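As written, the chain order gives the labels A, B, C and D, with residue 1 at the start of each chain.
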Amino acid sequence: MTTSTMTLSKAINAGLRRSMENDDTVILMGEDIGKLGGVYRITEGLQESFGPRRVMDTPLAESGILGTAIGLAYAGYRPVCEIQFDGFIYPAFDQIVSQVARMHSRTRGAVTVPLTIRVPFGGGIGSAEHHSDSPEAYFTHTSGLRVVSVSNPNDAYWVIQEAVASNDPVLFFEPKRRYHVKGEVELDEAELDEVRPPMGAAHVLVEGTDVTLVTYGGLVQVALDAARAASADGISIEVIDLRSLSPLDFETVTRSVQKTGRIVITHEAAESGGLGAEVAAGITERAFYFLQHAPVRVTGFDIPFPPAKLEKYHLPDLDRILDGVDRALDRRNSLSELG
Amino acid sequence: MSGLVQLISADGQRLPAPDVETWVADIDDERLLALYEDMVVVRRIDTEATALQRQGELALWPPLLGQEAAQIGSGRALRDDDFVFASYRENAVAYCRGISVTDLVRVWRGTTQSGWNPFTYNMATPQVIIGAQTLHATGYALGIQNRGTDAVAVAYFGDGATSEGDVNEAMVFAASYKAPVVFFCQNNQWAISEPVRLQSRTSIVDRALGFGIPGIQVDGNDVLAVMAVTRLALDRARRGEGPTFIEAVTYRMGPHTTADDPTRYREPAELAEWQVKDPITRLATYLRARGVLTDESSMAVDNTADQVAAELRAGCLGLADPEPLSLFEHVYAAPHSRLAEQRDRYLSYLQMFEPAGATR
Amino acid sequence: MTTSTMTLSKAINAGLRRSMENDDTVILMGEDIGKLGGVYRITEGLQESFGPRRVMDTPLAESGILGTAIGLAYAGYRPVCEIQFDGFIYPAFDQIVSQVARMHSRTRGAVTVPLTIRVPFGGGIGSAEHHSDSPEAYFTHTSGLRVVSVSNPNDAYWVIQEAVASNDPVLFFEPKRRYHVKGEVELDEAELDEVRPPMGAAHVLVEGTDVTLVTYGGLVQVALDAARAASADGISIEVIDLRSLSPLDFETVTRSVQKTGRIVITHEAAESGGLGAEVAAGITERAFYFLQHAPVRVTGFDIPFPPAKLEKYHLPDLDRILDGVDRALDRRNSLSELG
Amino acid sequence: MSGLVQLISADGQRLPAPDVETWVADIDDERLLALYEDMVVVRRIDTEATALQRQGELALWPPLLGQEAAQIGSGRALRDDDFVFASYRENAVAYCRGISVTDLVRVWRGTTQSGWNPFTYNMATPQVIIGAQTLHATGYALGIQNRGTDAVAVAYFGDGATSEGDVNEAMVFAASYKAPVVFFCQNNQWAISEPVRLQSRTSIVDRALGFGIPGIQVDGNDVLAVMAVTRLALDRARRGEGPTFIEAVTYRMGPHTTADDPTRYREPAELAEWQVKDPITRLATYLRARGVLTDESSMAVDNTADQVAAELRAGCLGLADPEPLSLFEHVYAAPHSRLAEQRDRYLSYLQMFEPAGATR
């Protein structure tokens, strides 16, 4: 096995490069992705290698990026659009929801829209307004899209390639706060099936018996830290990285909850209508008789993302996750008891 | 090119227009008569579809009455390998692409969201979201440019659409990349109840200049002039000279759709004024004067139109309702666990209603 | 008490008229709302009465409508924006999510954005594509917005006035399929407190003991029909019209579920991440020990809204709701048993 | 008005410009010196804020280096009752509005999303979403129009912003209603790493004409010319003549923000070319030649700038971090049950960490 240590951002870059080498219909589009290599350097060096027609700096217009990408898909291309920051995806919302998501079903399968929309997302990096959003739930509620997120370099390398290869449109959420974290990446094609995380499958990162802790993206590491801390306290947490947010891999989560009987879901996005609601509702439907406690949500509050100096209070951290675990374990009062 | 391009006046006189003559030099009497037939046929399609709607066979129909020249003139200028991205009203363009009349009404009967396979006719499914398709056309044009062929993408849209951000962004992208796309705007004076002056205080065609895109304003009720300027624009695109914007000045003589009542918002006098400029009448006058349109040929055209109308009616009435489980098809190109689960459960649910032993 | 019988559409019209009479900063904006009175005639006669500066036909640009409405709010106005159909709200998504929803918190309360966004929504009327969407969950997940829906003329008359009077931005979802249904409207101001449904409060329409049936908008009548049908079968359904979708009135729903122990939630929008997920998750948190069965969702499928001839299969109807009730009552296998 | 308006050349010569002279007839030497001081001060603010960012006291800073004349010339043309809707880069405009230097950096220190109350200074919170504010300005202008006062709304935005649908829709609305709004575009040649030619193949100012809005292109590094054309545009708006679009041709001499490294995407030669046109140097040359700027007055200006910088530093370092529970404030104007519940739970949570008996 050929492995290499690289950062998550470099892993995405390497994955994109490989996709572009394998398939010359793959085209990258976005603001500042060419010479600059993107504000996060995810596309660094790619315009040099593949030229400006395959790594296109676009005018500053997100709806324009998505709309023209659809046209390129019609013409047989496989566009990968970078949205510079989470908070800038909304001008493209109409093209994504009304066009990207519906074109295949609209045409009864005649047109495929094999688009990948890369979105650096989430907080934890002390950014300015509109640079820390977690908009994933808007897209998981949108039929016709697939939504994934990654939390480590190996997943990043493989899932981005799967997203690009997918004939369905994929929203690919990149946790900004994890860009610079290094990890092992398995590069060898021969062993593909073993190392490649199948898009759509959740990943049990840590096995445990007392409570299931479900998350994705930037909070995966926090969840792992929480599991370690809890184990010192004699609590055994099973940590699941969802990876695929739409569809959700309920099979994996249900199997876990059937074992633990308790589940905590954590994400940065607002609680109301966030992904945690869907996981909670879905797991209750699937494992009602196994549940010893209501699914517990530990999320960002129902507020616009706050200024940088406040984000540490807004974002779920180790303590808040452990508090959620305690509640799920009936070691502390939960919402139903608070009234 | 400045000023309104015209080749046949409202009263059926042939006018010289040195700038564009060359683009229709090949359009002899026979081909003019064919254009005439096209226009009569699509008007007849409109009438029949409207009748079908009144009779409850279609849920809705957006007539193009008055815009026949704009759509036939441009539609007949296209090459097969050009690709059209249009709105809901371009039924005559679809007709030019060879799309069957039955396919035209599928959407309006509510059996599907797309009457045809876009790749069979190189014409996308009519777009309902105002202006969205202009970006698709621009993107498709970028694809053409990458491949180095000389096909062209054509975006059809209305005067109202020019207010949407998307249409303006499409012009930004098209200009920036010099994309081989033609923006074909039918200014039919109205966006439902809103007159064009609410969308723009200046000529619609001026908009393009602000993006550095050449603009041509053409009499949209003059099929020959429309064909000439469309060919000119297509040729520019084929030669790598980038986008062109055409404003076809025309008029929506009917309601916005069969659900609309234009008497609530516009004066009869305005309609009367435009009736005088009717695109079919003027060509008829011209062709009669030349002896090309005779009682005989006119009757032949009407017969063709009647046949097409009959075909439309039969096709429409013959459309089968889709099966319930087709709901779950083609939402995704690859299997999707959640949707598969929903499908399975719905199937079990449906089976509860079946007589014991029946299978599905 | 002065009451009057009118359709739901007329009730909104009357409510708007009254708001405009009471407060001359109220301005209506939208496409075709002037002379035409809107494609659904909700604003019929209002331009005649109040003139074109207070009932403004706007250019055909939804982002433009919302963006200029924000400027008018800055200038002390109270704009009521009509989005012509549900499916046309997405071009305005950025202005709604990044501006309307955040302006008050961004400015720490200095700027209020007392906007009302009227959205005819939902299916059941055999419409063309993009004319039958149920986009409410996008907005209930957006912090800073309030979201309401109405199901009958009296609520429509009062809630629209409350929405207009609210200093917070309100999404007001109007069920198209109920526009022409008539009902009694209490017009008398004197009795206001008794008749005015407080914005934010759910309404128990039918009391029952066996199962709680929660819905809103166009499905309320279907739920009432289901309750009637079930009662013939000896099943007692408590029907709740949520009315407020954000915030949700969990107090009322929880009280009901504490009594019935079972809950069915039904809406037209897709299941994944729909409002039903939030209601299910929230009620499980609040009434876990009262629940006899997992909350049951009866919703539109996870598909783009289908062509008109298929909508009757897609939309929850009496039979599907009763099937859901049966599952909640353990009279039929539910998801967890299906595996 | 066609061609680039200029009153003071790059080498500090006073040029005649009959079209606009009258608009700055009142700007005598003293007032010119004041403009000079403004520019020096805001450049000093930039330097200090950049230093604070390097020292970790600010998270980010978007310098306006090179754009002083565009911002001071226009900012000083405004009346108090005009209302400004700007982007993140208009710190010099904010300075003209009387906003304190401490208030300027609050946002960049991350303690708040808005450094000031917009109604105190008639200037909205700097907008991060590119172009969104142009619609707000247009809407505000409609409000002015309704009330019948002669105030004006002013939208500031960049060259890159002109590609966004919103900016184009703002022009549609402004033109349609003849709204008293001035669109002030600082074409600083770059949108982060993208040169202006990617956004437009033609002059940015041309865009306005396509919407029927008069456009003026001005040397954005000439503070006097900028002031003249801004006054002209404001006056048009006040007299009910509707919107004007100003393209101030300037250059972003620094990075996009302190997080940016412009050497990755642009040539040193380009920067050098523009350094010759520096807005402060040219005014200094002019004023020195007139004997207005002397070593003494120059030192006075520098002292003022240093004082402002010191004020900025002290103000910045003095900014208190917000309280955790302020998270829940002002999300809604009226109580919100769900959020109140979240706040209460968070409060109980925080209390778990407190020593027994402590209160909050």
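Note that in this section contacts are C-beta pairs under 8 Å (C-beta built on N, C-alpha and C of every residue); 3 or more make two chains touch, one makes a residue touch a chain.
Bear in mind that the values here come from a model prediction, so they are computed numbers and not experimental data.
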{"item": "Longest centre-to-centre distance from chain C, chain (CA-based)", "value": "D"}
{"item": "Selected pair, greater C-beta contact count between A-D and C-D", "value": "C-D"}
{"item": "Chain centre separation (chain A, chain B; CA means) in Å", "value": "41"}
{"item": "Averaged-CA centre spacing for the pair chain D and chain A, given as whole angstrom", "value": "36"}
{"item": "Euclidean distance of C-alpha centroids - chain B vs chain D, Å", "value": "45"}
{"item": "Touching two or more other chains - residues of chain C", "value": "58-59, 61, 63-64, 87, 91, 94, 98, 102, 105-106, 129-130, 143-144, 246-248, 272, 301-304, 335"}
{"item": "Touching two or more other chains - residues of chain B", "value": "112-113, 129, 163-166, 169, 172, 176, 198-199, 331, 338-339"}
{"item": "Of chain D, residues touching chain B in the complex", "value": "162-166, 168-169, 172, 175-176, 178, 197-202, 206-212"}
{"item": "Partner chain C, residues of chain B touching it in the complex", "value": "59-60, 88, 107-113, 128-130, 160-161, 163-166, 191-194, 198-199, 259, 264-265, 321-322, 324, 326-328, 331, 338-339, 342-346, 348-349, 352-353"}
{"item": "Contact footprint of chain C on chain D as seen in their complex", "value": "83, 85, 112-114, 117-119, 124-125, 129, 132, 134-144, 146-147, 153, 165-166, 169-170, 172-173, 176, 329-334, 336-339"}
{"item": "Interface residues, chain A side, partner chain B - complex", "value": "27, 53, 58-59, 61, 63-64, 66-77, 91, 94-95, 98-99, 102, 104-112, 114, 143-144, 146, 166-168, 200, 246-251"}
{"item": "Residues on chain A engaged by chain D in the complex (per definition of touch)", "value": "31-32, 34-37, 39, 57-61, 63-64, 87-88, 91, 126-131, 271-272, 301-304, 306-310, 313-314, 319-320, 323, 335, 338"}
